[in-house]
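Across the two complexes that follow, subunit A remains constant while its partner is subunit B and subsequently subunit C.
Let's look at the complex of A and B:
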């Protein structure tokens, strides 16, 4: 039998723990105060009727029952999904394209900086600039279209165009940033794989499909999960341009939650919707991670 | 001196706590007992209220006023979060669409006792204005500071080119069946891409360069600057009680026929489609670019129209309707006191001052809005005349008593949430005016549930 006194190794790790705790404390405090606590309170409020200006009243599952029968809620979800599909689909394809171009054609820091530029402009500013440019009567885009003989398009006013317009604006703003993330991923692919492909006589296109894309998968999954969560939370572009209209064409889920809470003081119901959105996002992220085998790399 | 980790940590926590406390700008500790925080949303009015504060402080050295201005959207969000967190301003500018809810939730202070104690003369205000701030519960919540009505702002170069005189513009009649002389004028002002007018043969309604009439939106629940005067002069009222309604009449034939005629102007090509009208920055920008002959708007927009350098803008009376009158909505703002203020006396002193002729003369001279005090009106008229505006069309309905109030309601936001999409749907021809009957039922259901 061995000696029963506690081994010195354990004591040292406990000492580390104390220091670690101190370093972790500020972040943890912030996380608890600004995330955990509001989330728990939001969950509680979702079971109440709460107008902010008077005390919450417990109503059980009423809000959830309302949600099932609320056509505005389902419309908001549908519109949001439409937005996410256009936004993420296009943005990811373009970002991979830009990243490939940067990777293969230039090492210029200036180009990388320029690609990131739209992302550095505030959301609201981007939205307003495009709002002006896409104006039906006085906007520069419709002027340009008329020069080439195309009838002006009511980008924000036509209910078929409104969501694609909002989605495209955000593609423009975010694709450079996403491209940089993908670009970083490209650099992790070892050059010997490409050399081997070249020796085997693989074409450029074949190399991309068979080598680059599969090896990029872990990075792409990360990018997709993060951008998709962000995309579901589309709010500011809508808030400064269409404000949910025309009719309900751009009343995305975040905007609807905001309206319910801050203009109609229906905080209980808004909390319930926020919680459902949270569950949906968690589910989608999990699915993505699982389906795309995020933890495995084809390099291994 | 050596500083231990613990000290640093303690100092950090203390710093955090201190900044958290300082975050409450209404905290009693960091300002004097006589200091009032006052909020407004219109940056154009900031200079004159700063001037008012200066005079107020000279007259009442024991009080100070700190003015803060936030844009319209921020304003209401900040205000509501302020109510909850105890950081709302002592006194704030309020609007007919918002105060009923605040009053209903006990967030604004009734001032009846103050008014009685100080024997405030309520007859100095434009007729009916002071009573707008008496809530559904019969209590008074504010003293009026200004008022507004609507007119047509017209591009005089376009009316001249169409051969339409100022007299014709100021004597327009309207009815829901053929639109009266108003529709004739709007048709004449509409020009297609080949230069043909709306009342000329061959007019191409699908290729319009200048629209006779502009509109900013479908009007939602109030139609203040879009359809309210047509409907009112057609003998329609919003609700059974004015302004406090518990039952609305958006399904009434008098209303639906008005809207049916209004959207008919789109079919005729005299007004842009809803998609086109909404796919723009705003109605004044398009007007400034010479795209509209007439645009209805409120008196608070005078400054914006004055800023449009590309066009020469003049004012015309609203249309005379089937009831033989030119009707306008008359709305206005008031200063209200937050119920949670710790400085009631100082707040009341400031509100009383802002409601006095001394303050309203200062406001009037700036020529931005119409003052609520009748005696201050000549100064405002003179200031507007100096800026090149003959504001008579705004004043006439008030003097004639042909005004109706903004539909006040504690559930205004819920009513708007039903009516805005419903009106948009009608204006974009996704549904017929008769669909407003269902929308109206929805509105009344909401009101009944909240009664």
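Let's look at the complex of A and C:
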């Protein structure tokens, strides 16, 4: 990220403050009312019992104590992690693959557009199309499996398959978008590096492992941070297909928070879980950036 | 050098890329194929590549154009659905959100990029920090606020939180505004132009391209949003397409779901974005590297 600062000019110390306040007024209003205030309010609510009907009642650490002993919460965290691992693992590998293919084969905007297409339709649309294609009885995927002699799979009904299924659906939706991010990164690698490798007689595979991947690292780390944060917030797909089931197999953390807040009106507890999720996401981004030294490229 | 080996590699690589593209496009085709089928006939021909007993019945059904008897004869639930209404609602929500959000964000970006005032960069950093907060965390208090204001099930309730700014929109436009030549601005100032004239007459026209790109991205995001409208816009008069799809899916009979109707409805929800995408494919694909990484 480049933050450019314009050179200081000799003026009154307040500069254009008055004009700036006018230009910033609407955005600041929205920012304070819908970002700052709810962030502070949410943190406060996490220490209360609040059903929306009466004023929140301060209960100290009760919600957090409850969370530690709530097996549904731990289940939700576990299911979410399983989802993220499958989703991000597969998606990242596929995205790098697609990006490499595009980079080596074609500059065609059509290819890039096709690859991006699933990302532009709603999660809900994608979820429903796959819900239909993966139907146990008449879905085309189970038909195709039967041609090669595989018994039909209850993709959404079997508790072992439900999370991998949801994860794969979202791999399908996001892999092209992620590939374009990686593709943008590939284009920043100077061509002389490849030319040098070719002169040294490096093979395609060797070049990929020894040169492309290490030079791509800063981009990959940023992509991982962005996609992983998004992945933890899986909700739409679950909400329109399995709704947390079968049993608790797909009750991901976002969905569990949603249920607590909007079907049980347990806003205090839901806020506490949302705060924990916030902390987890912040920690993960920090760790990834630290561990993988995102800012430094091996070119430097 | 190693010409034949390279060619073989290229053929395999092209084959892989084509397989990936087919995998990407097939579900769209399947949605189309199912939407034009007669739902009662679908189970008999689960793998027919062409629509089964092709008919417009599913579209009529979800657009509320066929009678209950007609709908049920073709395997619909007979429940009243009116995707015209949901389409209208989505258009209203996305259009108002996009116009307001982009305009107010542009104003803010101008203040951050072209004006000088004490504390500017600190305030900007604060705006950016909001990107870190996961939406669900702010959604809970925001819902309470909208409810207390009596705005549940109103367009205002759906639109307000996104109408003023997003940190991303301000960040995106600021980057472009920073790159505009200052001399033009100074020349305009010498001619006696105020900040309002510089903003409307100089900055906005010169940034038409990035503003359009941002507007398209905002429109798509707003159109596809599910979580917030699900919470505050359940009622039919303000129900947007994504929410309506969820409702339609849960209404469909368990024994024999109305797959044709469901796919017709998803097609109606997806088509405007696909058209927008086809029209602006180059602009959208080229914006990805920028918006994601920088």
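Convention: the second predicted complex is superposed on the first by the 270 of 300 C-alpha atoms of A that agree within 3 Å, B and C clash if a C-alpha of one lies under 4 Å from a C-alpha of the other, contacts with A are read in each partner's own complex, and residues count from 1 in each chain.
Note that in this section a contact is a pair of C-beta atoms (placed from the backbone, for glycine too) under 8 Å apart; a residue touches a chain by one contact, two chains touch by 3 or more.
For clarity, every value in this text was computed on a predicted model and none was experimentally measured.
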Practice task
Please indicate which partner A:265 is in contact with in the superposed arrangement: first for subunit B, second for subunit C, both, or neither.
Solution key: first
Exercise for the section: Give one of first, second, both or neither to describe whether A:248 is in contact with subunit B, with subunit C, with both, or with none. Expected result: first
Problem - Greater residue coverage of subunit A in the superposed arrangement, subunit B or subunit C - result: C
Practice task
Considering only touches as defined above, state whether A:132 meets subunit B (first), subunit C (second), both or neither.
Solution key: both
Exercise for the section: Classify the contacts of A:52 with the two partner chains as first (subunit B alone), second (subunit C alone), both, or neither. Expected result: both
Exercise for the section: Report for A:74: first if it touches subunit B alone, second if subunit C alone, otherwise both or neither. Expected result: neither
Exercise for the section: Could you look at A:209 and tell me whether it touches subunit B, subunit C, both or neither (first, second, both, neither)? Expected result: neither
Completion exercise
Dual-contact residues of subunit A (subunit B, subunit C) 26, 52, 131-132, 135, 137-139, 262
Problem - Residues of subunit C that touch subunit A when the two form their complex - result: 9-10, 13-14, 16-17, 20-21, 23-25, 27-28, 30-31, 34, 42-43, 46-47, 104-105, 107-108, 110-111, 115-118, 120-121, 123-124, 127, 130, 132-145, 147, 160-161, 163-165, 167, 170, 175, 178, 182, 195, 199, 220, 223-227, 230-231, 241-242, 245-246, 249, 257, 259, 262-263, 266, 269-270, 273-274, 277, 281-282, 284-285, 288-290, 292-294
Fill in the blank from the handout: Per the touch rule, the subunit A residues reaching subunit B in their complex are 22, 26, 51-54, 131-132, 134-139, 152-159, 242, 245-248, 259, 262-265
Handout entry: Contact set on subunit A toward subunit C in their complex
Key = 1-6, 8-9, 11, 13-17, 19-20, 23-24, 26-31, 33-39, 41-42, 45, 50, 52, 97-98, 101-102, 104-106, 109-118, 120-126, 128-133, 135, 137-140, 143-144, 172, 176-177, 180-181, 183-185, 187, 204, 219, 222-223, 226, 229, 232-233, 235-236, 239-240, 254, 257-258, 261-262, 267, 270-271, 274-275, 277-278, 281-282, 285
Handout entry: Residue ranges of subunit B in contact with subunit A within the complex
Key = 5, 9, 12, 76-77, 80, 83-84, 101-102, 105-107, 272-281, 285-286, 289, 291, 413-414, 417, 420-421, 424-425, 428, 430
